[in-house]
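Take a look at the structure set out below.
Each chain gets a letter, A, B, C, D and E, in the order it is written, and its residues are counted from 1.
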Amino acid sequence: MLDVVNLTHTYGTGPTAHQALGGIDLKVAEGELVCVVGPSGCGKSTLLRSIAGLIQPTDGHIRVRDAAVSDKPGDLAVVFQDYSRSLFPWMTVGDNVALPLRRRGMDRRARRRVSAEALEEVGLPNATDKYPWELSGGMQQRVAIARALAYRPALLLMDEPFGSVDAQTREDLEDLVLKVRAHHRMTVLLITHDIDESVYVGDRVVVLTGAPARVAAELPVRLPFPRDQIATRELPAFVHLRAEVGRLVRAKDRRA
Amino acid sequence: MLDVVNLTHTYGTGPTAHQALGGIDLKVAEGELVCVVGPSGCGKSTLLRSIAGLIQPTDGHIRVRDAAVSDKPGDLAVVFQDYSRSLFPWMTVGDNVALPLRRRGMDRRARRRVSAEALEEVGLPNATDKYPWELSGGMQQRVAIARALAYRPALLLMDEPFGSVDAQTREDLEDLVLKVRAHHRMTVLLITHDIDESVYVGDRVVVLTGAPARVAAELPVRLPFPRDQIATRELPAFVHLRAEVGRLVRAKDRRA
Amino acid sequence: GGGSTPAPAPSGGGEGPEKTTITIGALPIPDAAAIHIAKAKGFFAAEGLKVNITQLQSSAIAVPNLLGGSLDVILGNYFAIINIQAKKGGDFRLIADAFQSKPDTFGIVAPKDSKITTAKDLKGATIAIPAVNSIGELAVGSALRTVGLDRLKDVKFVQYAFPDMPGALATGKVDAAFIAEPFLTGVQKNSGAKKVVDPMSGAMADFPMSGWTVTKKWAEANPKTVAAFQRAVLKAQQLAAADRKEIEQILPSYTKISPQDASVIALGAFPTTLSATRIQRVADLMQEYGYLTEKLDVTPLLVPLPQ
Amino acid sequence: MPVAIGAWEVGTRQAESVYFPPPSQIAVRMYEAWLTGPAHRLFLTDAALDTFGPSLGRLFGGWLLACLVGVALGVAVGRSRVLADYIDPVIEFCRAVPPAALIPLFIVLFKTSTQMQVATIVYGVIWPILINTIDGARYVDRGHTDSAQVFGVRGARRLVRVVLPSAAPKIFAGLRLSLSLAVVLMVVSELVASSDGIGYQLMYTQQTFDMSAMWGSIVVLAILGYALNTFFLFAEKHILSWHRRARQTT
Amino acid sequence: MIGQRVARGAIGVAGLLIAAEAAGASGLIDPTLLPRMSTVLVEAVRLPADPDFPPDLLSTLRVWAMGLLIAVLGAVPLGLVLGNIRRAEVASRPLVEFLRPIPSIALIPLVTLLVPSTEVVKIIAVVYASAWPLLINTMYGLKDVDPMAKDTLRSFGFGRFAVLRRVSLPSAAPFVMTGVRLASSVAFVVTVSTELLAGGVSGIGVYMLRAASGMRTDLVLACVLWTGVLGLVANILFVRLQRRAFRWHAVGAVGET
C-alpha cells in the first residue's frame, strides 16, 4: 500500500538548512495500522506531510498503491497536528465535514447525512450548525477526526489526533478508529506521543529517532482483535510491549 | 490568592446562547498548584480565560490577591491550549519569549539572557533565532511554556501545556514546573487531560463536569515533595488517587 | 530697475516696479506668444521684471490661480473673464490685449466623407467644442445663426480637448468639431477632414480672444509693475504684429509645434492697443446670445497702456 | 456630522465668498433643481432624472465590470506564481498610468461614448480590487490550503470554498475602496464626450460659474458615495459575518 | 529563480508592447490618429535627452514623494485609531464617506483659490486621494488580526496601546504595505492628472500639455510610458521592502497552485 524508500527532507538551503528526515524506509501493507512514535521535533510531522504530498522529498521516493505521490493527492485523508488551523472558519462544522465528500460523488442530502453521522460518532451530535471557533479545542480536534473518517479514505494519516481530548473520549476515539478501519479496510498511519496508545491501536509500532529522523526500531504488535480498553491493557504482552517501546523511545537522545 | 465565586459565563445571546460555566466556586491559596480535569468541551478553557481577564463573567466574580480581575490583568502568565496561534510569527522564538519581560523592566541584555535560559530549560537551546513556524508542534508548545516560565508570574495559568510533546519531554516539563513553582512560590492552575499528570504535579485536583461546567469534586493530593517520576508514581497513595480521579471523571456524563 | 519712461500711474513716486518677480500663467498656444518673445528678447529684464511662466491647461483653472495668488498675471480668455466678472466671481483688470482672431484661425470641420458640407447641414449634428459655455460655443452659435439655426435646439455640444477631436471625428462620436490652429491644419492634412465653415467671420470677424489679466487689487497695489509689464508686452506685440517670423520662431520654444507646422498654420492678430470699443464687442455679443443677463461696461476694467 | 455642517455654514457665511456659498443656499438650490418634480416620481424633476440616471448606469456598469474582472484576474494571479511572474509588471505598469491620459486611446478604441466612459471607470477603479485580491488569494493560510489539497478539494470548488472566503476580508477592502473611486471616475469620464450626468453637471456649472449649483453637484456626489458605502457595509456585514464573529475578542 | 522572474516579467511587458504595435500595424488603431507603439517607444527612449524633460520628471517625482509621505504619515496612524476605537470609527464614518467620493478635479480649483502655490495644491490633491487606500487597508488589516495573538499579549498585562503596537501593527503590516503600494500608484496618477488639469511650471503632465499643444501625440504617449515605468520601479522597491520586512508573512502561506 505505502512504500517509503530512503525518504530525505531538508528545510531551507544554505547555512540555515535543517535536515529533518535522514533517509526513512517504511512499508505499510494494505489495511495495516502503523503507529509512529518519537521525540518531539524529530520529524514525524514532516514524514506525514511528505506522504500526503504536501512537501516534496529532497531525496528518496514515496509510492502509494504503486503510484508515485505527486501534488495531486491520492485517496487519502489527514488529521493535522494543528487541527484548529485546518478547519475552515467560514463554514459551519457540518459543512467542514461535508466539504470533501463531494469527491465521493455524494449528493447534498447524502453529504449532510454522512457528515451528521460522523459528528455523532465523535461525540458532537449538536455541533453541526456551529462554527469551528465556537467549539472548544478538543471539540475542534474531534471535528477534524470526523472529517477524515467520514471521507473513508484508503489511507488515513493522523498526527497526534487525540492530544486534546479527555481520557474517556480518547479511548472512545481509539476504538472508533479501530472499528472504522476494520469495517472499511483502511490503511492507517498514526503519530502519537502516548506509548500505551501506540501499542493499543497499532498492528506495528515504528520508533523514530531525531535530528535527522531515522527509523530506530519496528515492533510488531501481536495482540488479539477485537481489542478492549480494559482487557487488552491487562494482557502481559501489552504490558511488556509498552515497556519495550518506552525503553526504545527513551534510549535515544531525545533532544533534537 | 485566587478566589472564584459563582462564576458564570454564557457565550452569545438569544436562542443560540450557550452557557459554558454554571456557577463555579474555586479558591486557590498562595503557592498552591491546582490541576483541573474534566471532559472535553466542559468549560475548562473558558474558566481559564475568565481568570486571565480575557472574557467577562456573565455573573459571579473573580478576585486575584483581593483585587477584582478587570480587563487589565494582574501579574499572571498564560500558556494557551492553541499555543501555535499564541506565538507571534513575525518574531524569532527568542523575541517571543523576551517580549513580556519588558513589563518586568529588564533591559535588552537581561531579556535576552532570561529568554535563552528559559528556552534551554524546555530543551530548545538552539531555537532562539528561529521563527515559530520553523519549529515542530511540540517545540512551539515548549516555546509557549518557556515564555510563561521566564515571566515568573505570581499566577501561572496553563491549558493542556504538555499535550504535544513526547512522554520523556513531558515528564521533564512536569518536573520543571514543580521546580520553578517551588523556587519562586508561584501559584499555578493547570488544565490537563492526563489523570496521572494531574495527580503527579498537583497539590489538589479539581474535577469539573460539563454543560455547563460545575465543580464535581476536589481531591487534595497528599503526596510528599520532592516528587519523582518513578518513585512517586509507585506510591500506593498515587495509584489509589489516580484511580479515584479516573472514576470521578468517567462517572459524569462526559458528552457536553 | 529700468524705468526709462516715466511712470504713468497717478500714484507716482519712487523708482522701479513694486514687485519685480511676477508669475504669469498662460496656455501653450499662439495667443501667448508675446510674453515668450518679451522674455526671450529681454524686454522684461529691461523693465526690471523677472518673470516665471506657468503652463496652464485651460482658462477655467487660470482664474482660481489668479484669485488664489499663485499667479500674478494670466492670459485671460475674454469670454471667461467677462463671464466671471459679471457674476461677481472676481474683480479683474485687463492690462494688455493679447490675441484676436483672423480668418482660418478656427474652423468647424467634418470628416472627409461626411454629408455635412455647409453650415446648414449642421442641423441635428453633434459638435465637439473644447469647453461648454465658452468662446467656442459662442462662435459656433453665431455661425449657426447666420444660416437660421439655433445652437440650443438644433445641435448638441459635447466637450473634447483639441488633440482628441480628430479621433472623435474619425470614429463618428461627433459629426463636426470646432477646432483651432494648429489642430485645424493638422486634421485637414492627416485625416482629410474638410472645413465646413469659418466661425470667425461675419459678426465674429476679427474677434478679441484673450488679454493679459490681473486682479483689481493687484493692479492697484502694483501700478508700476503693471506699467512695466505693459511696456514689455507692447514691444513684443509690436514685433509679433509686424513679422510672423517672430512667432514662428518663438512657438517651438514653448509648445511642441514643430518649426514646419509653425510656418504653415494660420495665425491671428496681435493687437498693439487696448481698446475698450473692441473688447466691448465680446460683452455685447455674450449678452445677445444670453450668456450675460445684463449689459456689462468693460471700460472700467481696462488699465490704459502707458503712452 | 452636525458639527461639521454647522462649522461649514458659519465659516462660509463669515467668508462671504461667491466660491464658497453656505450649505443652506446650496440646499435650496439643489431642492429647486432636482426635488420639485411630481410626487409619483419621488419629487424628482426631469433634470434630476436626466442627470442621475445615466451617471448611475455608468457607475454601476463600470464598477460591476471592474469587480468581476478584478476578482477573477486577481485570484488567477494570486494563485499562480507563473502567471504572476508574467503579468505582475504589466499590472504595476498600467496602474500608474492616469486614466485621463488614456482618453485619447479610449476615444479611438471604443465605438460609443458610453463604452468609452465605462472603460475609463473600469480602468480607474480596478486596481484596488485587483491588488487586494491578488494579495488575499496569494496568502491563504497554509493550514487551509493543505487541508483543501489532501481532501482533494480542487479547481473551482477550491476557489469558491477556500480561496475566495479566505481572501474575502481583503477583497472587501478593495471593493470598498473602489466603490467611492468609481464615483470619482464617473465624474472624470463625464468630463469628456458627455452631455449628461452628474460629472457633466459639475463641469458645466463650473464653466457657467454657477457656484451653488456646482456645490450642489459635489454634495450629490458625497451623498451618493455615502449611500453606496452604507449599502456596501450592510452587504459586507452579512457576507463576512463569520469573519467578524471569529475575530472578535471579548 | 530571480533571473527567471525577471525574464518572465520582461516577456509579459514585451507581450503588451507587441500587442499594442500589432493593433497599430493591423489597422485596428488608425495610425493617423494614434502613433504606432514603436514610434512611441523610440520617443520614450529619446525623452531624457530633451532638456525640458528631466526637470519635469524630477518635479513630478518630488510631488509624488512628498504627497505619498504625508499621506502615509497621516492616514496610517488615523487608520490605526479608527480601526481600534470603534466609537471613533462610527463617529467619523459619515465625514469620511462623504469626503471619499469627491473627485480631486472638483476640489483643485477650490483649493487653488485658497492656496497660493501650485506645488502645494498638487501635494494636497495627492495626499487627499492617496490617503483613502491607506486608511481603508489599515482599518481592514486591523480587523484581520488574530484575536488569539492579542489575547496573549493582554494576558501578560500589556495595555491597549502596547497590544496595538506589538501585535496589531506587525500583523496588519503586510496589508498596510499593500495599501502603501496602492497609494503609491494613486499618487502617481493624481500627480500627473493634476499637472494635466492645472498645469504648473514643470512636471510630466506639464510636458504632456506642451506636447499636446503641438499635436505630438507620440510624445504624450511616451510620457504615459514613463509614468508607467516610474510606477513599476516604485512598486519593485516597495515589494523588495515588503519581502524583507515581512518574510514571516509569505512563508506561512503558499503561493503555488
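Methods note: a contact is a pair of C-beta atoms (placed from the backbone, for glycine too) under 8 Å apart; a residue touches a chain by one contact, two chains touch by 3 or more.
Predicted model only: the values in this text are computed from it and were never measured.
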item: Of all other chains, the one whose Cα centre sits farthest from chain B; value: C
item: Between C-E and B-E, the pair joined by more C-beta contacts; value: C-E
item: Chain A and chain E, separation of their C-alpha mean positions in angstrom; value: 48
item: Centre-to-centre distance between chain E and chain D (centres being mean Cα positions), rounded to whole Å; value: 17
item: Centre-to-centre distance between chain D and chain B (centres being mean Cα positions), rounded to whole Å; value: 50
item: Inter-chain centre distance, chain C versus chain D - centres from mean C-alpha coordinates, in Å; value: 38
item: Multi-partner residues of chain D (at least 2 other chains); value: 19, 104, 108, 141-142, 191, 206, 243, 249
item: Shared-contact residues (touching 2 or more other chains) in chain B; value: 54, 82, 85
item: Multi-chain contact residues (two or more partners), chain C; value: 60, 64, 161, 163, 167, 170
item: Parts of chain B lying in touch with chain E, wherever the complex brings them together; value: 49, 52-54, 71-78, 80, 82, 85-86, 88-91, 99-100, 103, 131, 133, 151, 157
item: Chain B to chain A touching residues, read off their complex; value: 11, 18, 37-45, 81-82, 84-85, 123, 134-139, 142, 159-160, 163-170, 193-195, 246, 249-250, 254-256
item: Complex interface listing, chain D residues touching chain E; value: 1, 4, 17, 19-20, 78-82, 84-90, 92-102, 104-105, 108-109, 127-128, 131-132, 135, 138-142, 145, 169-170, 172-173, 176-177, 180-181, 183-184, 187-188, 191, 199, 202, 206, 214, 217-218, 221-226, 228-230, 243-244, 247-249
item: Interfacial residue positions of chain E with respect to chain B in the complex; value: 146, 148-149, 151-159, 166-167, 170-171, 173, 246, 248-249, 251-252
item: Chain C residues touching chain D - in the complex, by the definition given at the top; value: 60, 64, 83-84, 87-89, 131-134, 156-161, 163-164, 167-168, 170-173
